[in-house]
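For clarity, chains are labelled A, B, C and D in written order, and residue numbers in each chain start from 1.
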Amino acid sequence: MITVGIDSGNRNTKAVVLKDGQVIGKALILTGFDANESARQAYETAVQAARINPAEVAAVVSTGVGRNEVKFAQENITEIGSAAKGARYFVPTVNTVIDLGAEEGRAIKLTSDGKIADFASNEKCAAGAGSFVESMARALQTTPEEMGPLSMKYGKEVPMNAQCVVFAESEVVSLIHQKTPKEDIARAVHDGVSNRVSSMVRRVGLLDDLALIGGPGRNQGLVQSLKDDLQKEIKVPEDPDYVSALGAALYAVEIT
Amino acid sequence: MFTQFKQWYTNRHDYARDWKERSGSKVIGYFCTYVPEEILYAANVLPVRILGGHEPQDVTEPHIFGMYCPFSRDVLAQGLKDRFSYLDGITIAQSCLHIRQAYTSWDLHRPTEFSYYLPMPHNVQSAHSRTFLRAELEQFKEAVEQWTGQTITDADLDRGIDIVNTNRRLLKRIFELRRQENPPLSGQEAMYLVLSSQMTDKREHNQALEKLLEQLPERELKRPTGERLMILGSENDDIPFTEMVEQVCGATFVIDDHCTGTRYFWNESVPNEDRLLEIANRYVDRVPCPTKDWPQRKRLEHIQKLIEDYDVQGVIVIQQKFCDPHELDIPAIQKVLKGKGIPTLFLEFDVTAPLGPFRIRVEAFLEMMRQEDLF
Amino acid sequence: MSTQIYPTEPLQLWGKAKELREKYYLDYRDAHEKGGLRWAGGAWSFDAVPAGLGRDVCSLTSEPYGATLAHNKELSLECLEASENAGYARDLCSYMRLYWGSILIDKYPYGGGYPKPDFIWQDHICCSHAKWYQVVSDLEGGIPMWDVDVAAGPYKDVTPAKIKYIVDQLQDGVEWLEKTTGRKFDDELFIEAVKNEMRSTSLWAAVCAENKAVPAPLEEKTMYSLYVLATLSKASREVADFYAELLAEVKDRVARGIAAVGNEQVRLMSDTQPPWAFLKIFRYLERYGAVSVGSLYTFGLEGIWEVKEDGSWGPRTTPMEKGIEIKTRQQAMELMVDWNLSKPEWQHFYHPQLKTEMMLRIAKEWKLNGIMLHYNRGCEGLSLGIAENRLGLLKAGFPVMTFEGNMGDEREFDENMTMARVDAFMESLGVKKIR
Amino acid sequence: MNENETKEYWRWKEYNWKNPDIPDWRGSLVTAGVDVGSTSSQAVIMVDGELYAFSNMRTGSDSPSSALDAINWAMEGTGLTLNDIRFTVGTGYGRVNVPFADKAVTEIACHARGANFMYGPTVRTLLDMGGQDCKAIHCDERGKVTSFLMNDKCAAGTGRGMEVFANLLAVPIEDVGAMSLSVEEEPAPVSSTCVVFAKTEATGLLRAGWSKEKVLAAYCSAMASRVVSLLERNGMEKDFAITGGIAKNPGVVKRIERILGVEALKPIYDTQIAGALGGALFAKALAAKAGKDKSAPQGKMAGR
């Protein structure tokens, strides 16, 4: 059976084509103003990549903030549900899922049979991981991709308290003026994000089998800060961006 | 001269552990300055104030809702991170809801052999609060007796009262030296004095204060006094901030109104045949925390008096983020200060002070007082 | 999935509740025209005491007034901004900021300007209550004010000395009231008001207890409009009588199996004041067949309860039902103070464990499937310990959903995010939307 | 959308300017002010108290070199060298890192002094909307600060917030204001005060079918009401002027004026140079004072 999962996020729209438990195609495009249109593009790109006939697709399920806008999906599933399912696919024993996006972050606790036991997401005044790191990269005049490697070379821990992206940016600017090494600032930025994420994880309860999904999972510096903070091993799937879309595709199998 | 006090403050946990070993007695952590330390000293128990650690933490999110003040969360974090694992008991006297929450969560998750909530009355302006508090102190005393297995006699209470009162008297005498044109100690040093007194055996602390008092009159700060500032508001033990204002920006704090500062020790108790009533009166009559300062705002008069006595030129008003009691007083305070022509700067504090953004505010504030030089 | 499982019908007393509410606000506004007096204070105040000054003494209770302002989107924003511009912090109690705003912009939602009270009769429960009116008095250039401190500890530890502290303040308060208003205090009127209060609050608890039935005869959104009467004037005969009538109607609904929500399949409770401008979240829940059957807030703020012989929660037996005759002011005050100190929604100010226990009781006796906790940025008092309650409920095996918002400041409520949370919560409960 | 990410709609124009009416600076008192802000840097050169030249550019990650770049660019084509400048005041976030400055003064004092020059001595209330903070300043007839207030809790109402929005909506920052004013009916302001969440809210509004214009209007309106609150709390008195980058955004300015019922004074200079201009004016006064006392060392020291 072939199913497609579409994750309509604030920043990116991801699509995954799943055939008998194997990913055979995927696509990631920037979300435009018309979420449905973006979803369609992602869908078509993924189907092409999978080299299948669209008629073979048994079901399409959407997830993500724009999930209700994806008109051609038969069903939708919340971000929490798809993240849990997707993470379980990669790490069958996972019981704590950290799902980070551009603006949002979530921590999900799972029961041993994979059901959602509890979840927490960032509340109003707390910045999400992706765009926070990007803003800070800009303040440091580097690229978001460079932030991870940079912070791995830190020498000294610098506490950073600001919750607000813009205020954190001005703290970063003062750190620069104080001639704090870029490496240390990059580490401080990741520690700051990690601090908020760890708080969320602790809120749902910190268990042993952690997985981190979502784009920021590719940022090694952030993953390192999180590991240091939580004192746990954290598994990151190879393509962390696609996990929720995959979760939606898995759900499509369940309902078909 | 201040090294000892600084060390006490910095190594508070080592001190308490060592004290416990030396004395073989119990150590109790307290969350608010309304706790009657007299009774604890009478019982040979060492009261230590639980303050925050000023480092970002991520352990309190499951326990305290984010709209509660960062201080209360920082305090709870100390408990959850087992920094105070040597405590035999914890206690709080009723004050604000925020710190109460830190206490109750501590009680739930780091239980100690003794945990006591003392319903210190809020209506301290009512005549009945004394009688009520006296009855509550009686209950508290009995609970402490039961815990330590020792009866607290009047002589014990007298000893407890004397230890605490002496400490208050000595601190006040030192603080009064700050009224001089060139105060012999900085605000930061004064801060170390009061903070350390809340976490050491006051008998030792008193000795150190007496020694300091002998040397202080001869002392001079190695820099000009600069603007004479007062700092007032909620809990404040932010040493780096004080250091920045005094050493980087060149002003001097000459007085404060904080529960970690003068509010803690300003009033001594007035001798009374009924010792518990004496203690009750002291806590009812002390400079109030805003939670208890109604229907009249008595703290306003007190602040104005301090401004006059200490020849204050400018005031920095600080507040822990989300601190409702202070937020409810600050507009009234600012209005009065404005009326008196005293410049004020308002700052909102978190667990760590963002020194960069704060520095510009402080510099601009001082510049406002100094700017004639620029024209 | 069928959409209708149980029969429903509208509540007959709905209209009357609305009328009583409106009459209350108009009576206050127009009190002076009739030679009467106006006083202001909290819904927690001992309102039976000023009732001793005469039947023409009207009150404006602050929290429901704040909620009323919060309902009105435009007016509330105007009020909140006025308070902020006057220098009051944005994270303070939102009822309080709305209330001050109404003074600052001089607008009363029932027409006219803010009707200045003749005196303030308040009690101090959280860090804000007495200071709330300190500011009101500041803004109005001084209003005589009496505040009673009730913070004497939880009811389980009550002692005569604690009761005495509060009664003494009330006795002084009577003297003060006489001096301030120039009126003579009438003990008989006061005793009558005390009895009314006990009747109102016991009856309201009885009404809430009926919601143990499946299907629930009432849902929480409706209950808000009913319980509010006690927050306005719990010591009035009208309110006590209304609750007697209401109890009869609700009992009848239970007997006939009438449901508040016809597709009830998931029973929930909420916690703390809801975001008043977004009560539609309760309607959204209904799309899942999920019904909030109440909360410690709706049950325990104006309901006085006791543990019955079978161990379950029921309305507290009034002194009158016990055959106690109330003869003197002192006796009435002692009984009234004891009654008020037993208020469920007061216990957890001392320890979250007390609230967790009460919530677990409700969860079991009212047969709940899950709990929604509103982390209310607008009220530090009722959200005190809420995170610990969550942990306690989860530990006992009840699914919990949290959402952040503000009862009176809609700028702090994210509608889309909250709906998304409801979706995820329902998904985790295994419930699907009824399409 | 990919293009939007790289196109950087927030990036405003950097430029320098020289006063054609002052042909030569030789034989006159040359002073300078350098404002190294968190996002932008300006250098202003004055000749005998007259505006002679200035530059306006983005701040790099290193403030000493940003300061140097700014002053060099301002001196471009004037024949000036650093040695010809008698006194320099550094201001802004990087004020203590201006290597050639004789004194550092905060941007609050400098903006008030600069505004006094730009708008005349009647200015009493000043709103400076900078990159990362927003200040309400009250000053006297000499441009002396009598009180000020800075945003504490939240960055809504800062230039940076506007940049984030320009990028999100793919609208060049210079066009944001005009576009936001082209709506027929004023929408309700976005409710979120947090830049990040306002962005999420805006995305939601766009999905719900709002036009870019309408979303910008809602954001400008939210920003205006935030800063008005700051102004009111600090005390609002006429005449009123706005400095900083946002002063160039009519979408915000018009809305501030509408809420306050007061018109802001119209600028004749680039509002972003107010801080550096104030610095150069202070530099002139300080140079004159130093001149009286010939023995005073003319050290090129940073800071006080």
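The rule is short, and it goes like this: a residue touches a chain if its C-beta (ideal position, glycine included) is under 8 Å from a C-beta of that chain, and two chains touch if they have at least 3 such contacts.
This one's a predicted model, so the numbers in the text were calculated from it and none came from an experiment.
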item: Neighbouring chains shared between chain A and chain B, ordered by label; value: C, D
item: Interface with the most contact pairs, given as the two chains involved; value: B-C
item: Chain A-chain C separation of Cα centroids, rounded to whole Å; value: 41
item: Gap in Å, rounded to a whole number, between the CA centres of chain D and chain A; value: 37
item: Interchain centroid distance [CA atoms averaged], chain C/chain D, Å; value: 50
item: Per-residue overlap in chain B, given as positions that touch at least 2 other chains; value: 61-62, 66, 321, 356-357
item: For chain C, residues that touch 2 or more chains besides their own; value: 86-87, 375, 404, 414, 416
item: For chain A, residues that touch 2 or more chains besides their own; value: 65, 123-124, 167, 170, 173-174, 177
item: Pairwise touch network: line, ring, star, complete, or other; value: complete
item: In the complex, chain C residues that touch chain D; value: 81, 84-87, 90, 410-411, 414, 416
item: Chain D partner contacts - residues on chain A that touch it in the complex; value: 10, 30-35, 65-66, 69, 103-104, 124-125, 127-128, 131-132, 139-141, 164-167, 169-170, 173-174, 176-177, 182
item: Contact set on chain C toward chain B in their complex; value: 86-89, 91-93, 124, 126-128, 130-132, 134-135, 137-138, 145-149, 151-153, 159, 161-162, 164-165, 168-169, 172, 349-353, 375, 377, 380-381, 383-388, 391, 404
item: For the chain B and chain A complex, residues of the former touching the latter; value: 55-62, 66, 350-352, 354-357, 359
item: Complex contacts: residues of chain A adjacent to chain C; value: 65, 77-81, 115-121, 123-124
